[in-house]
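Listed below are the structures to be examined.
Below, chain A partners chain B and then partners chain C, in two separate complexes.
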Partner chain A sequence: MTAGLMALVSRFGVTAPAWLWLLPLALMPLVASSQKRIPVPSLAMVPADGLSRLVDAVLTLAGMAAIGFLILALAGPHLVGESLMRTGEGAQISLLIDRSGSMNETFAGRQPSGPEESKAAASRRILEGFVGRRAHDLVAVSAFSTSPMAVLPMTDRHDAVRAAIRAIDRPGLEATNVARGLGLALAQFGPGAPQASRVLLLVSDGAAIIDRRVQPTLREEFAKIRPTLYWLFLRTAGSPGLGDRPAGEDTPQAAPERHLDLFFKSLGVPYRAFEAESAQAVEEAIREIDRQERKPISYTERRPQRDLTGFAYGLAALAMALLLAAKLAETDLAVRASASRPAASRETRRAA
Partner chain B sequence: MIPAPLARLLGHTRGRLLAGALVLTALTGVAPHLAVTGQRVEALVVIDITGSMNTRDERLDGKPASRLDKAKAVLRGLAASLPCGSRLGLGLFAERRTFLLFEPIETCADFAALDGALANLDWRMGWEGDSRVAAGLFRAIGLAGDLGSDLVFVTDGHEAPPLPARGGPAFEGKPGAVRGLIVGAGGHTPSPIPRYDDRGREIGFYGAEDVPHENRFGPPPPDADKREGYNPRNAPFGAAAAPGQEHLSSVRETYLRGLAAETGLAYAPLDAPGGLAGPLTAAATPRTRPVRLDLRPVLGGTALAALLVLFGLLPWHVRLRETVSRLGHGA
Partner chain C sequence: MTGDILYRLRGPAAGPGPGAHRSRDTGGLGVFRDQVPFWRHPDARRIDLRATLRDPFEGTVVRRFEQRRALEVWALVDLSASMRFRGAGAAWDLVTELCIALARSATRIGDAFGLVGCGAGPDLMLPASRRRGTADVVAERLAATRPQGMSADGLLAAASSLAGRRKLVAVVSDFRLPDALTGALFDRLQGHDVVPVAIEDGALDEGLPAFGQIELEDLEGGGRRRVLMRPSLRTRWLAREAERRDSLRRLALRHGRPPYRLADRFDGDDFSRHLLGTAA
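After this line comes the complex of A and B, so read on.
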């Protein structure tokens, strides 16, 4: 009970604390009354009675409350929002998106014309829907072409994420440097919430050789962070798939996609590759990922702060209404000589 | 017909004050807001991340800082000081292109994401070493026009390679169709540009012999025939390498002001006192947003004033008058 009260007090705050310097003014009703002063020749004329004293005390308190609560209301009182830990279905998702120039071509490897959709436009549309369906995910966005680019840090603001996804069908750059991109996407997870389910979703239409010198570092990072890795490979029609051995020598240079797939398989983290040759296939792959990554995740929900200003004004108004009621009950000694009612005597008492 | 007690109440100063204060306080609950329209800004911020932006000739909290770090700090300040409802997008400039990171997002609700994205900007995101500022600016204007937003283009105006003798590319858009700011970063004294190896480690500064000082594409300048070793066919630019200061960098303010005039944008220095919110709001397309003006402080303040007169001023005033009249009677 006390702990609850303490928690409540610790959450109390004001927006403009400078107003609180005026609070001593609330003591003014102690020395002066709002009631009418009625001259009485002698205090001895008025019999002392308990009810008068009580009414007097109540009116003084009402005056103090009226001034005090008005000052408090001006300072803008509120209860600071709580952060609640909740459990929902979701994941920490680090999106890594290929922004190389070939993403602006269609799945047939042409410049889009008419109703045709480029690979970037298709992934934009489908990823936007994906993020929209998953309310509790934290999403970070990174892009890569020649160099990796941190687009958005891990955030729960999905409209910001969608604004970043909407940018992916803008003209891209030349090269596909996937190794540094992976490093950045891993770094986006940050140190927090190790128990959360982590997903690295790579969307690209090609691959590049991962430098042998970088491979151990990447392996180490994957082993440390242990994300589930999904590779959405947007395959251009007619180009070799992940399982196709090249006709000549089977080197990373000859078949970079196949060797990137092999590298991912050797990482020891849950990994799945989706080869999509059309927008429908991308849609299906994303639905599959959506189904897979529905594990309980604990997330913090921030409650908005509660404004108490109206409450303070209400209390001030109540106190003033009390004062006003007393004012309406005010009687003039001179007009009504029969000052026998206790209600009439309180003003005289106060005036004395 | 007013009831008698009420009439009596309003007949006195005290009654009027108290009733007035109560009415004002009650009004805070009934009509707490006034709907007015305020200004908001929607802009695409494009930031130059080429090599010359690493020059450490800016100051941040009294310490020397690179132009990029200063620009990041100023832009984070801008995001924090724009009124809620404003939207900022982010793009990068290097080589001659503008690369969009995200479309404009809300500066209040999405502040953490926007602030984090600005903090994460790095010159290592750059894709090529060239810095063709004018070409990049024109593309950024096109992109901002596409998004229907204004533009904030942060650069030091250092063209690398230098512009050819006939001048830079011409602006083909409509001047003033996209409004906004060109923000000039850097100091006015030429400073050395840090140099990095291919693993991103700093290895000193660019020297005079590391960079071209003259652009030899296109026709030579008209005074080339006065140069030593000039030959119209074999050495149209003269025989010697042109000397120059291209390895040092300072903010090219005159050049940027010229670009601003050509494209219909406004110019502001990065270290403008008071941040960029003022210059941007002045230059940006006026966009309105509904604002709810909180009337409660006005109403509550007036009610408080009435109560203070009632409890503080009036009793002393009355007492003073009584004393004066008593003294008068006594005399």
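After this line comes the complex of A and C, so read on.
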């Protein structure tokens, strides 16, 4: 309780502290009063009265509060924003999305027409839902085609993430360079929160050869970060699957998907590939990932700065309402109009 | 003419010269008092022939007549700041009217009128005078005076200065004084005929509001107090005032006359009735 109060006080701040120099004015009700003071011969004639003393104390305090809170309100009080470390259920998810030209095609390998949707649009639709579902996920978005693009760093702002995902069905570019994309997606995890579950979700519709020279670096990175790797393979109808051996020579050039799959399996991190040939299949794959990646994660909750000006004005208004009520309840002794008095004394003097 | 005050001293007067009041002195003129042997009052003009003839011891009897004397009327006025109070009436105006009326009435019948005003010390002093213009002087001096004493302790010293022959002393105050001071004041005025005149105000009495809140300020610098008026408090207030008035009355009666309550407006006839009625 006290600690909570202390925390609250330590977060308190004002925008224009110069106004606070006026705060001694709040002591004015101790010496002055808005009411008419009625002189009486002696206060000893007034019986002691507890209720009157209470009312006096309350009104004095109300006067001080009215002035004090008005000045405080002018100074612009607020609670400073802060970030809190919380623990929730979720994962650090690094999305790596293929932006190659083929993503613009439908699962049937055509340009989308009518009600059909492109692979990019389908993945966009489904990933959007995936991101919103869990509140405490940290998500980073990267895209790759010829070169990788860091779209969004690791964040819990799901609006931003959804906006980034919405952008992935823009027409893509040329080729597919998986290796550099993976490098970037791994770099997105960054340091910190080692206990959190890390997920690297690769969405692509094809593969490319990973240069042998890059492979050791990638392995090293994977070994260091140890993410769970999911490959959402948006397979175009009729194209070779992950398990299909090519008819001819089994080289990376001939069957890049198969060899990428093999490379992933050899990384030593939890790995799962989903071969999705339709939008429904993609959705199922996403649901599967959603089900599996639930571990405690520490995340930062940001509390925005809270403006207390209205609150201060409200309190001042309350105090002033009290004072106004007291003012309206003010009464007077039955004082006769003093006009008749000098006339009487003139008469007496004349008589004298 | 209204406003003239008739008064009579409790007991015989002992003024400086002949006047309008009964006294113990005997003289040649006036109301018959008694018969004494010639040797006690050798005034051949006043020999009572009938009584002389009737006297079995054949002594000569002389009539004596009561000599009427003048007296001194004094007003001892409290000049503490509380006399500035204005309620249904203005206390200071009442005091002024009372003193002017007393001065006028006294000088009209040949008595002297003097005035002492005291706050914390003696502030205003008008020696007793029989001049006809005394009332004007009193009016002038009182109009120029503003009661602002922080106490009425000067009354004691002033009371001591009123020594000598028996006088009629009107003590004009609101009697919101410490009981000890009032008692001591009456004690020092023991030899005189003391008429306490208590200046009060209807606004602090029946005129008190039953509801509402008032901020009161002590005229004598006793601070301020906020009071939430309500019927129960008003009842207590009135009871307290009645009790104070009663204790003053008992104290005054022990020294002679009961106090005269002067509230809101001055009525000379009423004051006369009080003076005559309590003179016995």
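Please note the rule applied: the second predicted complex is superposed on the first by the 240 of 352 C-alpha atoms of A that agree within 3 Å, B and C clash if a C-alpha of one lies under 4 Å from a C-alpha of the other, contacts with A are read in each partner's own complex, and residues count from 1 in each chain.
To be clear about the criterion, a residue touches a chain if its C-beta (ideal position, glycine included) is under 8 Å from a C-beta of that chain, and two chains touch if they have at least 3 such contacts.
Everything numeric here is computed off the predicted structure, so don't read it as measured data.
When the two complexes are overlaid on their common chain A, residue A:Val203 makes contact with neither chain B nor chain C. Using the contact criterion defined above for the overlaid structures, shared-chain residue A:Val55 touches chain C, although it does not reach chain B.
Once chain A of one complex is fitted onto chain A of the other, the partner contacts of A:Ala66 are limited to chain B, with no touch recorded for chain C. Of the two partner chains placed by superposition, chain B and chain C are both touched by A:Ser33. By the touch criterion defined above, A:Pro148 reaches chain B but does not reach chain C. Taking chain A as the reference, the larger set of touched residues comes from B, when chain B and chain C are compared. In the superposed pair of complexes, A:Leu308 makes contact with neither chain B nor chain C. Touching of chain A by both chain B and chain C, each in its own complex, is seen for residues 33, 35-37, 39, 330.
If you check the complex, the residues on chain C that touch chain A are 1, 3, 82-91, 93, 96-97, 100-101, 103-104, 135-136, 139, 174, 176, 202-204, 207-209, 211-220, 222-229, 233, 236-237, 240-241, 244, 264-265.
By the touch criterion given at the top, residues 33, 35-47, 49, 51-52, 55-56, 59, 326, 329-336, 338, 341, 344-345, 348-349, 351-352 of chain A touch chain C in their complex. Residues 22, 25, 28-29, 31-37, 39, 63, 66-67, 70-71, 73-74, 99, 141, 143, 145-153, 155, 157, 159-161, 163-164, 166-167, 170-171, 173-175, 309-310, 313-314, 316-317, 320-321, 323-324, 327-328, 330 of chain A are the ones that touch chain B when the two sit in their complex. Interface of chain B with chain A (complex): residues 5-6, 8-9, 12, 14-15, 18-19, 21-22, 25-26, 28-29, 32, 89, 92, 97, 99-106, 109-110, 112-114, 116-117, 120-122, 124-128, 143, 296-297, 300-301, 303-304, 307-308, 310-312, 314-316, 318, 322.
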